[in-house]
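Down below is the structure, laid out as structure tokens.
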């Protein structure tokens, strides 16, 4: 991609990232939430991949760390759910809100909801990013099919 | 009246899935059907001149309660949209691999499997 | 009862962990997978005979989601865990042929999570979400070997599966737009108050959408097009899971739960179900007899045996439902065993064509004997479990004065017997081809899995004996037979 | 309000028909994009901002994915309908749909009054009423998604995880190892 596009995307990525983080952080107070924020951040990274190609985008977020982050995000969300069970109140219990109900309409008072929001956003972002890098790096020769996909060699 | 338009959109999607030869068109047909169902769900939750189901400091609680739109279909649609995206990603990967193997998007040419 | 969500949390955790396993550590994935299935079997044993509801997140049913354990869902969970245990043992050595062991176990346990979620939930939209998990995982698993026909079979299966999911979601949207709730017990109470299906046209429309959607997931006749392509091209352990439990847990169980417990069975719906069941029976077995590809033949037989189950459950009489559930368990066991045998034969000879084989009996003794047990029970030979379940179904048909269906059931059973004699003759009997002289028996893990399933087949024959039957089968059948009225207590007790 | 909605929905049906019947694949994909963005506007008019944000961004990603699959030098345009079997199945399905539409749409409530208003014991009334005290979330939709029905969202995150894992497994370079030592077929 031309030089202009690359610098412009670097700037735009900053705005997209802040908007995405805002959506996640204020998910329970204003429209938005884990999904919207995660998808927004994913589109930011996809912009980087498209403008700088899969190889160079490796620096900002590589494929292998993204896959690991994806599983970690999922495990984090499962842990929050099971934590409710462990604390004896039952699966998916909003244990923080039940024990210490904060003052309403403030940012950090919705118990496990902000935590779940962050876990979901992390997960959605990395999942979509992995799908894009994987599909962007599939090359087709005219005749048959040779995959340049950088999956680990079996 | 609006529900009929949703059904028509669903029928267009169904028509595309069952008749088109091109794989990408079939995938688009599924996308249209999914969209029609999501639309139907959000419409079933709409309340005449209602307000968004988000309580903020500006609006008084009783007035908001009287006019707020149903939040539950919106939660269902949010989940359904992301499921649709997941299915689409998988279908496109299959389509790309099939394109790599057969060199065409035409489903009738891929007759390796007997009926 | 608080630990009931572990049924979903354990396979989910195993799936996420297996995805993290690097490719060099394939054995770690194997160990993880088998530990997971052992944990599931332990959970099933732990929860025997208990009934109850878990309010997820501490919210009462119509507001929150409720997980329900009643004898019927315990029965299906037990079937799924039994087959999962055998399949994970089998795939330790079988999957040496494929790369990406960690990914295989992750997708496999995601499919199991989906099935467990569908069976355990008492909430319609939740059932849709977990049905979607099981379906997406099975689309990817069918095309695990990335060969041309596997990709194509998986694409057809994925397209038809997505259409089915859209139909099911549309059905849920219709019910929500009229009744405002998706909790099964709450819905059942409201529908009963409205006077059953005849009450509102939207309800019949919803029922039609559910029949179409779940019919497609259970491969009933008008919607069976995907099964004969998808099951043979999947790796053997996966086709065993698909035929054995997937089409039952998310197809037949979900259909029965909604038709019986939520909407309530009327004579028209029971006739529609019986018609679909009989058509599947006939179509499946007639197409199966002419097949020469081992796994494709088994796939067609799956369609016909599912027809038996749906016919029996469609009868609506307590005996019919009990026969259907009993056959569902038997079919899960002997059909997965047959697919594992087909996989073992393909593992050693490399081909699935019946004509190329012959006389493998003395080279593959364990496979031959277990396949004999499975063939006898699917064909309904007296001492084996298939005979008893088919007998109960036929008696139930006669008791319900459905002479035509009873006769057809007998005819189909005879044709199944003929088809499996053909299989035994071509694959195991006869003279050993010179090409197969150098064959050795399949690895020990695969034999262990097949022997385990064969013993399970023999053991389930005992389910006919009254004391054992009343302990397991009758309470499960009573849940369905109770239909919509008693559902309040059963499905999470919302009044 | 409903006049705008009907106009947008008619526009969407035309865009859908165009997407399905158009020859050139790329323009078909673009009209699908138009359909998606019109849908997100409809969601906005139906007072569903959360859904609108997610739908808009997902539409962008879907467009990029679809364009990725269609832009290639040697993609010869393939269109037209499938063999007779496809046509018969389509005819039957569409017939079923139209019979159903005529029968049901009469009995469906008007778009304005929601299921929540008609059923007093619908859970949504509880969500709106108590979501602030019980879950602390001003946004009732996020409250429902993450606390009242958090189990759905766990299932939903697994769906995305399964889809991505499936995509990654299907695109790995070498899927099968040579059968070690078994009789070569």
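In this document, chain identifiers A, B, C and D correspond to the written order of the chains, with residue numbering beginning at 1 in each.
Simple rule for what comes next: contacts are C-beta pairs under 8 Å (C-beta built on N, C-alpha and C of every residue); 3 or more make two chains touch, one makes a residue touch a chain.
Here the structure is a predicted model, which means the values were calculated and not measured.
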Which of A-B and A-C has more C-beta pairs touching across its chains: A-C
Chain whose Cα centroid lies at the greatest distance from that of chain D: C
Separation of chain A from chain B, taking each centre as the mean of its C-alpha atoms, in whole Å: 22
Rounded Å distance between chain A and chain C, as computed from the means of their C-alpha atoms: 35
Between chain B and chain D, centroid-to-centroid distance (C-alpha), Å: 2
Centre distance in Å when chain A and chain D are each reduced to the mean of their C-alpha atoms: 20
For chain A, residues contacting two or more additional chains: 29-31, 33, 35, 39, 67, 70-71, 74, 78, 81, 91-92, 94, 105, 124, 128, 131, 134-135, 138, 140, 147, 153-154
Numbers and ranges of chain B residues touching at least 2 other chains: 10, 13-14, 27, 44, 52, 54-56, 72, 78-79, 82-83, 85-87, 89-90, 92-97, 99, 101, 103
Residues of chain D whose C-beta touches two or more other chains: 49-50, 54, 58, 61, 65, 68, 74, 100, 108, 115-116, 123-124, 127, 132, 138-139, 141, 143, 145, 147, 149-154, 156, 158-164, 166-168, 170-172, 174, 177
Graph class of chain-chain contacts, one of line, ring, star, complete, other: complete
Residue ranges of chain D in contact with chain A within the complex: 49-50, 52-54, 57-58, 60-61, 64-65, 68, 72, 74, 132-139, 141-143, 145-147, 150-151, 153-154, 157-158, 160-161, 163-164, 167-168, 171-174, 177
Residue numbers on chain A that touch chain D, as the complex places them: 23, 27-36, 39-40, 42-43, 46, 50, 67, 70-71, 73-74, 77-78, 81, 91-92, 94, 97, 101-102, 104-105, 109-113, 116-117, 120, 123-124, 127-128, 130-132, 134-136, 138, 140, 142, 147, 149, 151, 153-154
Chain D-facing residues of chain C, complex: 12, 15-16, 19, 56-57, 59, 62-65, 96-100, 103-104, 106-107, 110, 113, 117, 125-126, 129-130, 132-133, 136-137, 139-140, 143-147, 151, 174, 176-181, 183, 186, 190, 200-202, 205, 208, 347-351, 435-436, 438-439
In the complex with chain C, residue positions of chain D that touch it: 96, 100, 103-104, 106-109, 115-116, 118-119, 121-124, 126-127, 147-152, 154-156, 158-159, 161-163, 165-170, 172, 174-177, 179-180, 182-185
Parts of chain A lying in touch with chain B, wherever the complex brings them together: 29-31, 33, 35, 39, 105, 124, 128, 131, 134-135, 138, 140, 143-145, 147
